[in-house]
Amino acid sequence: MPPPDRHLVRRGTAAQRTLVKLPNGTTFGGDAVVLCAGPCSVESGEQIETTAAAVAAAGASVLRGGAFKPRTSPYAFQGLGRNGLSLLRSAADRHRMGVVTEVLDPRDVEMVAGFADMLQIGTRNMQNFALLREAAMAGKPILLKRGFAATVDEWLMAAEYILIAGNPNVVLCERGVRSFDSTTRNLLDVSVVPLLHEMTHLPVMVDPSHGTGVARLVEPMSLAAVAAGADAVMVEVHPDPAHAASDGPQSLTPEQFASLSRKLAEVASAIGRRVPELGIAV
Amino acid sequence: MPPPDRHLVRRGTAAQRTLVKLPNGTTFGGDAVVLCAGPCSVESGEQIETTAAAVAAAGASVLRGGAFKPRTSPYAFQGLGRNGLSLLRSAADRHRMGVVTEVLDPRDVEMVAGFADMLQIGTRNMQNFALLREAAMAGKPILLKRGFAATVDEWLMAAEYILIAGNPNVVLCERGVRSFDSTTRNLLDVSVVPLLHEMTHLPVMVDPSHGTGVARLVEPMSLAAVAAGADAVMVEVHPDPAHAASDGPQSLTPEQFASLSRKLAEVASAIGRRVPELGIAV
Amino acid sequence: MPPPDRHLVRRGTAAQRTLVKLPNGTTFGGDAVVLCAGPCSVESGEQIETTAAAVAAAGASVLRGGAFKPRTSPYAFQGLGRNGLSLLRSAADRHRMGVVTEVLDPRDVEMVAGFADMLQIGTRNMQNFALLREAAMAGKPILLKRGFAATVDEWLMAAEYILIAGNPNVVLCERGVRSFDSTTRNLLDVSVVPLLHEMTHLPVMVDPSHGTGVARLVEPMSLAAVAAGADAVMVEVHPDPAHAASDGPQSLTPEQFASLSRKLAEVASAIGRRVPELGIAV
Amino acid sequence: MPPPDRHLVRRGTAAQRTLVKLPNGTTFGGDAVVLCAGPCSVESGEQIETTAAAVAAAGASVLRGGAFKPRTSPYAFQGLGRNGLSLLRSAADRHRMGVVTEVLDPRDVEMVAGFADMLQIGTRNMQNFALLREAAMAGKPILLKRGFAATVDEWLMAAEYILIAGNPNVVLCERGVRSFDSTTRNLLDVSVVPLLHEMTHLPVMVDPSHGTGVARLVEPMSLAAVAAGADAVMVEVHPDPAHAASDGPQSLTPEQFASLSRKLAEVASAIGRRVPELGIAV
């Protein structure tokens, strides 16, 4: 086993920071802070189109949305599947957005990669090594969420599985870890942002929606993430959070997202970065 | 979504406790405390045969051994694969033992089920729902390990995925959870044994090897598990722990396992249960 | 700072295991497993007398009961204070029991030591070093509960504060630690029993009442603690748990305690230890 | 027991946000973000004077420094005691700074209050109720650090102990909580900043030095705290971190603190707040 400083994921193995690029021009790891937004689940053509139009206008360049949902209970909504992917792709294309969506099963990787620009490995699957290997080989960038009780070292080793399979395009996404206090859904670990920037050349995203589980905390924690140096923020947005099929309590309305985007631009500017111009997603 | 008390996994939905049986006669959930033992990884024919002979003689009726190993690092030993399964099956058959082994990939389920009597879902895959569904349909009993940071409710919901797929033969295995104290590898939660016996009709196993990560703690924690009512204990045994390919520090020698088995019989008797007679595995 | 192996608390600094003795003859750390029992709070003369009579008859040799209660909310019952201590002492004397009770304030140590045979340092005060020093100098044995999020090393260092103040009579009490799962009040860490027996010469007690917070789990977890080698068990007993001023949901009735005591004797015997004869506390 | 919404600590019981003021004009809870800085321990007159001069010039209006140190090991440096307090007071006075310092023992409260403008209750003593009551009655504002494994509700109830003793001047300080990942010393919970602003009228401070334990993470996490709405930041600064008596690895040099202060001003401005002018502490 090579020593940690020889691992592909460690800083020093790349001459410079890795830039992960999507076909619509979105670049993770550069000067601009990337905004990813969209609903937890794709529910209908109208829902995803309304959301895409709103978040693109507010500066988001990547559309998120789940079609295969990993749910704690087998009785909970499991997603629209392939049809959801098709709706997601169409909405993104109408607004020149990239698409990121989760894949759960190694047998679905090829199909999901046919619709998505970036494959998300969810928190429950961070150490699903069969899935990591298969996803790595699909030729698309990977969004690797932190396991909800994974140490930083375990997370980096999961990324290493992708890198040694020949895919250098990995973005790490902090989404909160489990703690002893149930006041919030998870405990968002903002400190991993500067820590990862020391330890690895890969870009770092923060998801304050899952990280807190509380819509009112999403704006301040998004600002905190950017102030700490995050390369991207992922936010759940739904046109009608009260009636969302999943994760309503942590979803912003389109208006709240637009307000957040303006404030993010101020904080990004304060630390010498920028967010994309409003209305110009790419 | 049905209320919790209507879930299949909850006590009351079965007229009596579920008994999970293997072809060699091993029964989980009855009067006898089942002993599962074997190495972390199958390493060679000689290693698995030596171990099987010793643990069978000491009262174990189920042989464990990993052929597909989920390892944090991609550089660590990943197991012998299909060849390991074949060696495991042969050794078990020579000693009239059942076989339990882990499956990692839904595409491997059918193949692994061709060798094993019981399919293990490991701690990292407790919420790998694609794997749970595929394993459930293979027609073999499932050993469902607790996720290392899973709540009891999440664990029971993972079992529910298996039960609603039509497979009623699930054994739940506590193997330690993650805590703030790194003195031991995990924190073995013995209290889930009586708690689960209140909440579900499924048998409960305890794995003190992974639960502590320290060979010297395996005996006292095995005794504690049986005193608390565990239906089965799983112990890692290796003929030469110092040279094991994985998990050496938590593995017992065959002699230590034989000593443990005798003490387990005493404690089981003290609470009105029994362990199988030495040398008569089934 | 001396290296860990030169600390007073570490095994090897005492030629043999420390025996902690109370005036009524109770010895912690010897062959016999000591039973401590009593209500969370002393509520009245009748309540404590009824409880003392019952638990003494069932084999308990130490009476517990709180007179100064550390409560999360300032509006919760804070204990009877000095009057509670007096009632506790009288009840214990009538049944030849020792008394252990908690002290919260260094200014109260002398007064509490006038009534108690053993001073308890509670979980919230494990690192209240001013209190540790003052209690150490009162000339009575100390029951040092583990902080609810303390590592084993921090716990041993807290004991070291007492030992270097010249008081060698410390019993360590595991009472559950905080975890991510709120199914039980705390997560009882039974594995510290054998771990501490390796690391220190001090006796180890387990408190399954606070450790689980659920009365139905107290019996199986007491059995587990003794099977793992605990030198003592502390159990909350109340004549009418449903109307207890504090901790009712985790308190046993006197009848439940008597049943537990009989089963503890069986398990203790299975591992070569004993509990005191019923009705003969000392 | 009154319902939570009737507790003094809850928002709604004050017509407006509480402003906590120190004699030098420092106000916690207003528009300005307060900077508290200084060494972990007061070590000498020269050390504290050098630090005070530097941090005052960089915008800090409150000088921190420990004279009574709560240390895990009894062999670690325990602080200079009363002499340290005197040195701390003199240095602060020379630079028109306020003084905050920790008190450990209720018997020391009056003496410490003779030197300090604000009494700190440390993380290990958050539920040391005897100390909370005594400190509350000294007539000085209280800095109440979060227990390292305390829930938000427990923390607010600890503040309630102070408020019902008649002292309304409490500042809450997040300093990191214990987690399963030892990569950082603690896990700094930035999300409590906006959460507390919803739940209580009390000002909120963040301590990224203890919160991370790593000097390089102090700047980004200070920026994150202010972006999330923190009313104050506390930073450990030492003229020679490599030779500090305690907490060197997490201490900034005076130059690093000056750089941090400038960046904090930018981020504060981006969210509509300000930090005091450089060189004008009050």
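Observations on the model:
Order as written gives the chain letters A, B, C and D; numbering starts at 1 within each chain.
Criterion: a residue touches a chain if its C-beta (ideal position, glycine included) is under 8 Å from a C-beta of that chain, and two chains touch if they have at least 3 such contacts.
Since we're looking at a predicted model, the values are computed, not measured.
Taking each chain's centre as the mean of its C-alpha atoms, the one that lies farthest from the centre of chain A is C.
In this assembly, the C-alpha centroid of chain B lies 34 Å from the C-alpha centroid of chain C. Inter-chain centre distance (chain A to chain C, centres taken as mean C-alpha positions): 49 Å.
Along chain D, residues 149, 153, 178-180, 182 each make contact with two or more other chains. Taken as a contact graph, the chains are fully connected, with every chain touching every other chain. Interface residues of chain D facing chain B in the complex, by the touch rule stated above, are 149, 178-180, 182. Note for the complex: chain D touches chain A at residues 149, 151-153, 177, 179-184, 187-191, 193-195, 198, 211-212, 214, 216-217, 220-221, 223-229, 263, 266-267, 269-271. Here chain D touches chain C in the complex through residues 1-2, 70-76, 104-107, 124-125, 127-131, 148-149, 153-154, 157, 160-161, 164, 178, going by the rule given at the top.
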